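Heads up, the next two complexes both have chain A, just with different partners, chain B and then chain C.
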Partner chain A sequence: MIVAEQKPLEEIRRMIAPYQRVLILGCGTCMTVCDAGGELEVSFLHNALQLAQARSGDVAHTFYEHTLKRQCDPEFLGLLDEKTADVDVILSLGCGIGVQAVAERLPDMPVLPGVNTSFMGMTKESGVWDERCAACGDCRLEDTAGICPITRCTKGILNGPCAGPKKGKCEANKDMDCAWILIYQRLERLQQLDKMRRYYPPRNYRPIPRPRRITSKAGTMAGEGNG
Partner chain B sequence: MVNVANQSYPENRSENASDHSLVPPCQDACPLHMDIREYVGLVSQGRIMEALQVIRTGNPFPSICAYVCTHPCEDACRRSQVDKPIAIRSLKRFAVEFGGDRMVRAEAETKHAEKVAIVGSGPAGLACAYYLKKLGYAVTVLEAHSELGGMLRVGIPQYRLPREVLNIEVQRLIRMGVEIRTDTRVVSLDLLFELGYKAIFITIGAHQSLRMGIEGEESPGVIDGATFLREVNLGLKPSLGKRVAVVGGGNVAIDAARTATRLGIKKVSILYRRSRAEMPADPKEVEQALEEGIDIIYLVTPTIIKRENKRLNVTCVRMELGEPDESGRQRPVPIKDSVFIEKFDTLIAAIGQAPQTPSDFGVRIGRGSTIQVDPSTLTTNRVGVFAGGDAVTGPATVTEALAAGRLAALRIDDYLQHRYPLPVKETKEKLGGDLLPKTIEMIKKIERVEPPNLAFEARAKDFETVELVYGWEQAINEARRCLRCGVGVEILFQDKCATCLTCLRVCPYHVPYLDVSGTIRIPADQCQACGICVAECPAKAIVLRKPFDRRQVTDELGHTIKSAAESKNKPLIIGFCCQYGLYGTGTLARLWRGAKAGVSIVPVLCVAKVEATHLLSAFKTGAEGVFVAGCGEQCARENTTYWVKQRVAKVRKVLGSIGLEPERLQVFALSSTAEDPAEELDKFVEQIGSLRLASVIKGEVKS
Partner chain C sequence: MANSIFEEKLGSNDFIVTTEVGPPKSVDVSEMVHHIELLKDKVDAINITDHQSSVMRFPSIGGCLVVKELGGEPILQMTCRDRNRLALEAELLLAYSRGITNVLCLTGDSVDVGDHKEAKPVFDLDSVQLLKMIRTLESGTDMGGNELKAVPHFCIGATVHPEADFIEPQLIKFDKKVAAGAQFMQTQGIFDLASLRRFMQYASQFKIKILAGIIVLSSAGMARYMNNNVPGIIVSQAIIDELAAVEKGKGLQKGIEIAARMIKTIREENLCHGVHIMAVGNEKIVPDILEAAELVNA
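After this line comes the complex of A and B, so read on.
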């Protein structure tokens, strides 16, 4: 899941300042799960902005709220059309993908990001999320016992551990487990310690040009360009 | 048994489509199908008058039920899986006495030309008269005895039902315009039809005592239970001698024994052929009888009675329990050579009663001398003749008789208006089943509050009521134990649900679960209706099942803002105060009264239902300060204060970022009854005053 956090209220207020009619647009998938931009947060932000406005006596914005099932699919965005007729700006509480998808769909509409898209991660406990994947496009979890050193090692090294860990914790952050110690322990459990003894050559970043595209269509012709 | 569970008086028939609440077990078990959860909830908020209104909607004579109901609702109460059932009958009695039931005036006008005769004035007859009168018919009640009430008058002893209570209900009926004819024994229905009655309801009860069928039963000194109680209740004082035996184990036997004690008999013994576990009498009554010094001899039955020297020599035989019979109870079997003789002055046989219907009535009689009727229409084989109550069911409870009376009134109305009698369909689903152990474990155990009893030294002397009524605080503490079965939450918008599992994680009772297909479920029969998941659901997919509960906080906030606007007083402080339990016991009322000018109180049903947006809305109206006041550790639910504090922290962050002091938002959570929330409020008002002043000065400096 994509994890994000809502931008500070001050920043959001600064962004919307030039516009009068603001549609706060929530996203019903990842942003709902990570408490950053679901229907509840949309309504909370709506109320907070109204309160800020009432207290400051600044420009009078008019706010509207709506939450889509998912902002990253054009068909869902099609449901937006009638909502945007009387709107000057969309404040999207979708992730960075959502914001761009909305912008692509509505060429004449300014779209503002209401959240800082942070990482891909998982729930640790209610209200706490941890990063787990860097989307490097070259997954080596087989060799590292299902624990990603690219994401979870501060240095992102492929042949760990470094000389730094103390009592299983990272030298950069005493509260964080050393990913390579975790990898060692798990490989030991799985009786695959031989994997520790191998040398992994540096990863080749060259063949990953951005932006990437994946297609599952069978009939795509070779050499078809991007965009 | 006449099934009346699905019947309700027309007032109750309107159904709200968005109401997804389920029928709780207590309501399902009540023959009158009363909205028990609703009135218990109102009592827990201290809203006694409204509780009485709910009670009166479902029950023609609540004050009578408050004394004598056998409370099948309490037997069905799911709280008994946690600790002990809610004391529903005692709460009803509290609502009836403190809510001013005797002041209630029932009014009715006659709209129809048809007259209806009711033969018998027991609970079924009186209930039928009440509802028929309300439906607009001219009603005549015919009673063979000198006073109205049937078994309520001649069967139930005064210490269980004060006659004053019965008289008030009878007076109310008379004031409604029901015609009463006492000392009138009906011998022929034809005569009634000739007199112009278009329909007749036979409710003559079951006054004929069953015979023991043993030698010497006819001897002087042997009397049957119903006759004995009737004589005492109508003011006679039968002479019983010194030692009295009562045969039987039902409520009538207990009533007879306790009545004999109150007539001054020192030695009263009950002979029962089974053991205490099989006794059909109300266990509470049995206990009170034992307290009063009545001797219960189990597993004994009399076989021969001989009268010698003005005393009774009763030959008894000891029994043991054998195979179960058709009633499911173990059949008592005599033990060989266990015969013994006891001497008594009087023997009261209370082994059961049956109706005795005059054959001239021409109605078909069935098993146990009861009148045969169609259970859904209460019609007999004679056109225009209906029957109900003990005369149809054999000896049953007062509440069942009231339900039969109500059903008869509705069906007689259908008959007279030439309507096909359509049964009222229950559209709501029933809620039942057991609570799961993991849920039970998390439910706070709160001891059942029993109403006080009259000290037993004082009891045996006269016919004073034994059970006393709750005090205000006792009643509210008892009522807040209710688990509110069937008004919990549901995932109303499955399409919105992102299966984020927030509900599963925040529920204090481990109710939501993932089914095998990975869909989140919140089983209605486990939900404790605390409302935490509703406020925390990031998709706003979860709602409370009752529309009223869904809107409550928003509506109350709206009222508060509106009334503040009308009074032209800008609200200085808005407080969300819990209305249950501790606050309901008068604290809330004191806050209302003590609230200084500019403090507005929004009553909420548990602070767990106050969402973060509600707090923002309160500030949006221009309030300088907002507080949430909950019951803290006194709350009957888990974790409520924790979640309020979470939401308050979130809103405080917003306040900070727009230049308002976070201290303007406070949580008051009482940890004991000794604390006075009014004091805390005073301090807060002062604090807000100084904060406001500070910000005014700051504003001036800026400009």
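After this line comes the complex of A and C, so read on.
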């Protein structure tokens, strides 16, 4: 899933300052699971903004709340039309994709990001999420025992560890495991160390000129503009 | 024919001595010039470091040009941290055209340990791929598969870490570097000769010259700092205790003594093919170490 963190309250207040009626828009999928922008966080943020406004003495904004099942899906974005008739701005707690999907749907409506989209990851324990995939478009997990060096090695290198790790930890962060030591240990356990002994050539970055597009139904999207 | 004086030396049976000079964070290179002049006739080659520890400085290629101007034999340290494949290839063309033909291929430290922590890390290639890329250039094409009008030839090396606390994956990487064409290895700092002996039992099966990395320490505090902050470096407790036992102000003298003692043992017991002395900021004391190790005019 996509993992994000809510932006600091002061930054959000600065962004919404020019607008009077603000719709705080949550997202019911990834942002709900990572506690950054689901229905609950929308409600908390609403209260926090109102409290901050009351404390500062200026009564500038009126807030509305709504949470879509998925901001990144046109199927649910249709529901926005009636919600946005009387607002001046949308503060989206969707990920970066959600913010852009809403902006594409509503050409005349300013849309602000309420979260910093961080990475694709998994829940490690309650309240802790770890990055696991860099969406590189060229998956090598078969060769690396299911542990991604592109994501989990700070240098994203392909031919084994650098000389930096100490006690199994990365030179860039003493709390972070060296991905290549993890890969070595798991390959050894699976009796597949020959995979690490292979030479891996430089990555081909051509599969990922940004932005990327995947088309499942032949022809339906081909040739259409991308923006 | 050898591609450099240093390559010729690697082909001999002589004990090889290299050292390194770190360029300044400055446009005033007079101190670096002084260090190069001091060392160029006392060692077989001088490495010029490439923003070591990810701290921005005068570039390695610039330092190598100075070594050439002064009549010395440079080794261009080249990391993959700051340049993509185009920039690396282009710099190699520049290096060759100016007579800089020894290259030490490194992945490079993380930007997180340096003084530009917000920089974009590149790592388009890793050290093994860089070695291979140089061999590709020598075969007449660049990485895009395009023909070079004139072809360079280099003497290439890499590093290995015999004292890594988890050695097996390091040895796999060592094998890959040898297979990729490395002709010499300058090891990370050795602080315990037992680990060098163990490593050489393994490495002697390969036809490659191993130069043991000797880091000159100036105090127990510096040793502890390096253990905590410098990637990969693990100074043994025995060395820290030895440095801690001397009176204040005599630390560097002790460090020189330790370095000289290790070099002497390595040479007398024929443990490996030479040494690479890293004085980290104390380049001026390298001649004292050579003298104490009885390696003058090696």
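Keep in mind that, in the parts below, the second predicted complex is superposed on the first by the 215 of 227 C-alpha atoms of A that agree within 3 Å, B and C clash if a C-alpha of one lies under 4 Å from a C-alpha of the other, contacts with A are read in each partner's own complex, and residues count from 1 in each chain.
Just so it is clear, a residue touches a chain if its C-beta (ideal position, glycine included) is under 8 Å from a C-beta of that chain, and two chains touch if they have at least 3 such contacts.
Values in this document were obtained by computation on a predicted structure and should not be read as measured data.
> If chain A is used to align the two complexes, do chain B and chain C fit next to each other or clash?
Verdict on chain A: chain B and chain C fit.
> Is A:Glu39 in contact with chain B, with chain C, with both, or with neither (first, second, both, neither)?
Touch status of A:Glu39: first partner only.
> Determine, under the contact definition given at the top, whether A:Glu125 touches first (chain B), second (chain C), both, or neither.
first
> In the overlaid three-chain picture, which partner chain does A:Pro202 touch, first (chain B) or second (chain C), both, or neither?
The second partner, chain C, only.
> Pick one for A:Leu51: touches chain B only (first), chain C only (second), both, or neither.
In the superposition, A:Leu51 touches chain B alone.
> After lining up the shared chain so the two structures overlap, which partner does A:Glu10 touch, if you call chain B first and chain C second: first, second, both or neither?
Touch partner of A:Glu10: chain B, not chain C.
> Contact-wise, after the overlay, does A:Gln20 reach chain B, chain C, both or neither (first, second, both, neither)?
In the superposition, A:Gln20 contacts neither chain B nor chain C.
> For A:Glu171, using the defined touch cut-off, is the partner it touches chain B, chain C, both, or neither? Pick first, second, both or neither.
A:Glu171: touches chain C, not chain B.
> Give me, in Å and rounded to a whole number, the least C-alpha distance separating chain B from chain C in the superposition.
Distance of closest C-alpha approach: 25 Å.
> Please identify the positions on chain A that touch both chain B and chain C, taking each partner from its own complex.
Residues common to the chain A contacts of chain C and of chain B do not exist here, since the sets are disjoint.
> Please give the residue numbers of chain C that touch chain A in the complex, ascending.
The touching residues are 81, 85, 107-110, 112-113, 121, 123-129, 132-133, 143, 159-161, 164-166, 168-170, 172-173, 175-176, 179-180, 188, 231-232, 234.
> Show which residues of chain A lie in contact with chain C when the two form their complex.
Going through chain A, the ones touching chain C are 154-168, 170-173, 180-181, 184, 188, 193, 196-197, 199-203, 205.
> Going by the contact rule set out above, which residues of chain B touch chain A in the complex?
495-496, 498, 500-502, 505-506, 536-540, 612-613, 616-617, 619-620, 622, 650, 654, 657-660
> Going by the contact rule set out above, which residues of chain A touch chain B in the complex?
Answer in residue numbers: 8-10, 28-29, 32-33, 35, 38-41, 43-44, 47-48, 50-52, 54-56, 67, 69, 123, 125-126.
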